[in-house]
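Chains here go by letter, A, B and C, matching the order in which they are written, and residues are numbered from 1 within each.
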Amino acid sequence: MIEFSNVNFEYRTTKADGTNDDIIGVKNINLRIRDGEFVVLTGGSGCGKTTLVRLINGLIPHFYTGKLTGEVMVEGMHVKDTPIYELSEHVGSVFQNPKTQFFNVNTTDEMAFAAENQRRDPEHIVKLIETTAGFLNVRKLLDRNIFELSGGEKQIVACAGIAVLSPSVVVLDEPSSNLDHDAITRLGKILKKWKDEGKTIVVAEHRLFYLKDLADRMLLFRNGEIEHEYDSREISTLTLDDTERLGIRPLSLLEVPCKQKEKDAFIDYLRLENFDFSYKDKKHSIHISDLSVPSDCVTAIIGHNGAGKSTLARNICGLEKHCRGTMEYHGRRMKYKDRLHSCYMIMQDVNHQLFTESVGDEVMLSMTDKTIDEDEKEKRAHAILRELDLDIFFETHPMALSGGQKQRTAIASGIASSKPILIFDEPTSGLDLYHMKQVASEILKLKELGKTVLIITHDYEFILQCCDYVLEIEDGQVRDSYPLDDHTIDKLRRFIMPKVKGEGNV
Amino acid sequence: MEKGFEIKDLITVGVFTALYFAVTFIVACLGFIPIFMAVMPLIGPIFAGIPLMLYFTKIKHFGMVLITSVIIAVLMFIMGHPYPIFIFCIGAGLITELVLRAGKYESIKHCIVGSVTFSLWLLGMVIAFFFGFREAYFASLADGYGQEYVEQMMSYTPAWMFYAMILMCLVGGGIGGLLGAKVLKKHFRKAGMV
Amino acid sequence: MGLKFDPRTKLMLMITIGLIMMSGKLTGPEYILRLVCTAIPFILLLSIKSFKSAILYAILLSGTVFCEGFIVPYTNGVMNLIVMTICGVISRFGPGYLMGWYFVSSTSVSEFITAMKKMHFPDVVTIPMSVMFRYFPTLKEEYLSIHDAMKMREIGQGVKNPFQYVEYVLVPIMMSTVQIANDLSAASLTKGLGVNNGRTHICRISMKAYDWLLILAMVSMLVIFYAF
């Protein structure tokens, strides 16, 4: 059982000028979670759901410092007075980012890690790993190099590690953020198995559709407080309008309408001819003999993990020398060097493409035209940033901005580069409803500017917000490509949700 | 030595040691080109000093730099460098610890000095090299030219070259420290990460 | 062959070879020991099927012997010094480095850490070492991604200003290092990692008969080395 009594928490952070800043985490939390209950925490960004998770697994107050009042009890232990080492025997945690939560390089070692730390008998652990691998159907993931796994597989390994230890409580903080629909389905099945085992489960999430049938209770957070509580009956009666109003993502994907109307024929195309490329390890490759994508709209590139979407994007961008084939665009035939001058990519990890010490500099860095002088560059930078509501940050260091603001900075740099093709790699990972819509509107603005926009994404709701065309990739080849409207939306649905009610193995 | 180490400290040691080592190693690989090999003790610390400075700002108590130096010694050893590396690494590590402690873990200036003293570990790499080829060269010379000539050469070469190496390490460490401080101010302080 | 030697045995090998190679003279029993030491890495590399490295090693060494024997007597002055230096370095330190290569290729991270623990290295050293090995591949991934971004933004190309290039690459990596230290600490704590709390290991390493035999051989070599 988990009990919160009059809990308040404020994070203490130090700002750039050395002064302290207290940010409210949660306020007035009085909550009791029964054994075996499945609770979903949701709400917009910064609403307090992550803070609540941290209060359960002990990261607050043992790792994140701040002002904590009230009492948190987990399985009879006072969290404040119990070291995390002891708490972790009873509380397992799964985090948002698959890339940064594993300690070992080998998957089997990682699965054994939590149990090893609890000083379980090694032979016993090895047996447990065997049984867990069978139970969760992850035998193929044993004894592998974690760096070779996809994000979804990494998350599954993290879950397996918890299953080996088998604590009575499991907390998850936005576990589906970086996962595609297949992986989310697998995750959902694991959660169901845990629920059937009687574990108490608390999940903080934006993407709710896979939890709808599992949740016993859903708590809606706003500004650190629990605004509303829904029981399982109320959850099932929430409509799309309700969730829109509450600011959370849809509970049922099938209800989401298509915003795109049927279009007149497209005018201009981007054409790939004899596009062939393969990495040295021969693992990922693309073979596209002839593909035309409309160039005056937004195209979504979808595909399962390892299908070749990123490979394709990198090659379109001109990042690979050894790519054979040409791209025809606006009347020009382009090899990889020309494509480098025409494409700008907004990467999945925006931190990798911000290099300067101010947002203004960052935008001006992209202006590689040597005929413009410094003053002109600055004027244009201001103009671009104004359009994206970033002008107040002109002198701010990009790393001091929030994730969304950094992404907009990268977009601004893209516009400043005057490159006509913009490619986005998973721009809405981990975003709540409001921010996802914000990104969608920025993309539509880019379309108005006349840019060709390609987006690698698996965010169904996002695709329906702003994409006109869909390109489906499988095994490095084009499986299908179609304009998106009321008629073709079924094709998209079939890809995203192949089995409406999934049964069988994970 | 207080052992008030928390997991956060140990993980910080781990990641920054990895980064520092990676930068040093990459620069050292460039040093395989004979011309660069001689100035490696200068160039290595210049570049490696930058992440080193960031590391120092994360250090708030005794012992972390020492662990880094031990780890580097072990790594170098399994890569084939003979045992003097341990002496130099741990020595450089200890001196740097004392420097940082003197600055109460809050002074950038002390961090820069720390960068100077820490780079002395490179001498451990260089010194074995030194003794090694010296022996080989003179041993064969003795066969050809006679013992007297050899003794003359032996007394002549080592001293100045060795001092030159020490100087290169110190200067390189100093430049690296200053560069690191500049980068910290330009980026990290501005972004509020220091 | 492919015998799985305990990492501690391998370390003993390295210490022995390092000591003998570093200060061994070119005559007498020491010379024979040096020859033995030079041959060991070659055999070991073959045993783990590292054929390319073994052959490269053999070629390099034969090259040095060739040079020392036939080219050196015909050169003088600076040329002599350079050739002698290179030959000397390769023949003296080659075996040591190749042992290092063998060690790294034949030992997994968990085996290495378990060995360190058995040798009573404290947690404060072994935990950072685990983290370090786990972080190296991440560094590589980060670098490749940043390199892509730089190419795409057309900055830092060409060697105009090495410091500028280093700034572009190192600053994002350093920032990401700080972030990862944070995330990894939080995750590890929730998995029960503690300092000096005692942990069990599923990785098994043990000294077998052939390990002890090899160690005996090494010890005798050292005895001979220092006695004469």
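Everything that follows uses one rule, which is that a contact is a pair of C-beta atoms (placed from the backbone, for glycine too) under 8 Å apart; a residue touches a chain by one contact, two chains touch by 3 or more.
Bear in mind that the values here come from a model prediction, so they are computed numbers and not experimental data.
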Which of B-C and A-B has more C-beta contact pairs: B-C
Chain occupying the most central position, where position means C-alpha average: A
Where subunit A and subunit B are represented by their mean Cα positions, the distance between them in whole Å: 41
Rounded Å distance, subunit B centre to subunit C centre (Cα mean): 18
Junction residues of subunit C, two or more chains touched: 130-131, 133-134, 167, 171, 175, 180, 184-185, 188-189, 193-194
Where subunit A touches two or more other chains, by residue: 63, 399
Contacts with two or more other chains, residues of subunit B listed in rising order: 8, 187, 191, 193
Residues of subunit B that touch subunit A when the two form their complex: 8, 186-187, 189-193
Residue ranges of subunit B in contact with subunit C within the complex: 3, 5-8, 10-19, 21-23, 34, 47, 50-51, 54, 58, 63, 67-68, 70-71, 74, 77-83, 128-129, 131-133, 135-137, 139-140, 144, 179, 183, 187-188, 191, 193
In the complex, subunit A residues that touch subunit B: 14-16, 63, 357-358, 397-400
For the subunit C and subunit B complex, residues of the former touching the latter: 11, 14-15, 18-19, 21-23, 25-26, 68, 72-73, 81-82, 84-85, 87-89, 91-93, 96-101, 103-104, 123-125, 127-136, 139, 163, 166-167, 170-171, 173-175, 177-178, 180-182, 184-185, 188-189, 193-195
Interface residues, subunit A side, partner subunit C - complex: 57-59, 62-63, 83-85, 88-89, 91-93, 95, 97, 99-106, 108-109, 112-114, 116-122, 125-126, 129, 147, 161, 314, 317-319, 340-341, 343-345, 347, 349, 351-355, 365-366, 368, 399, 413, 417
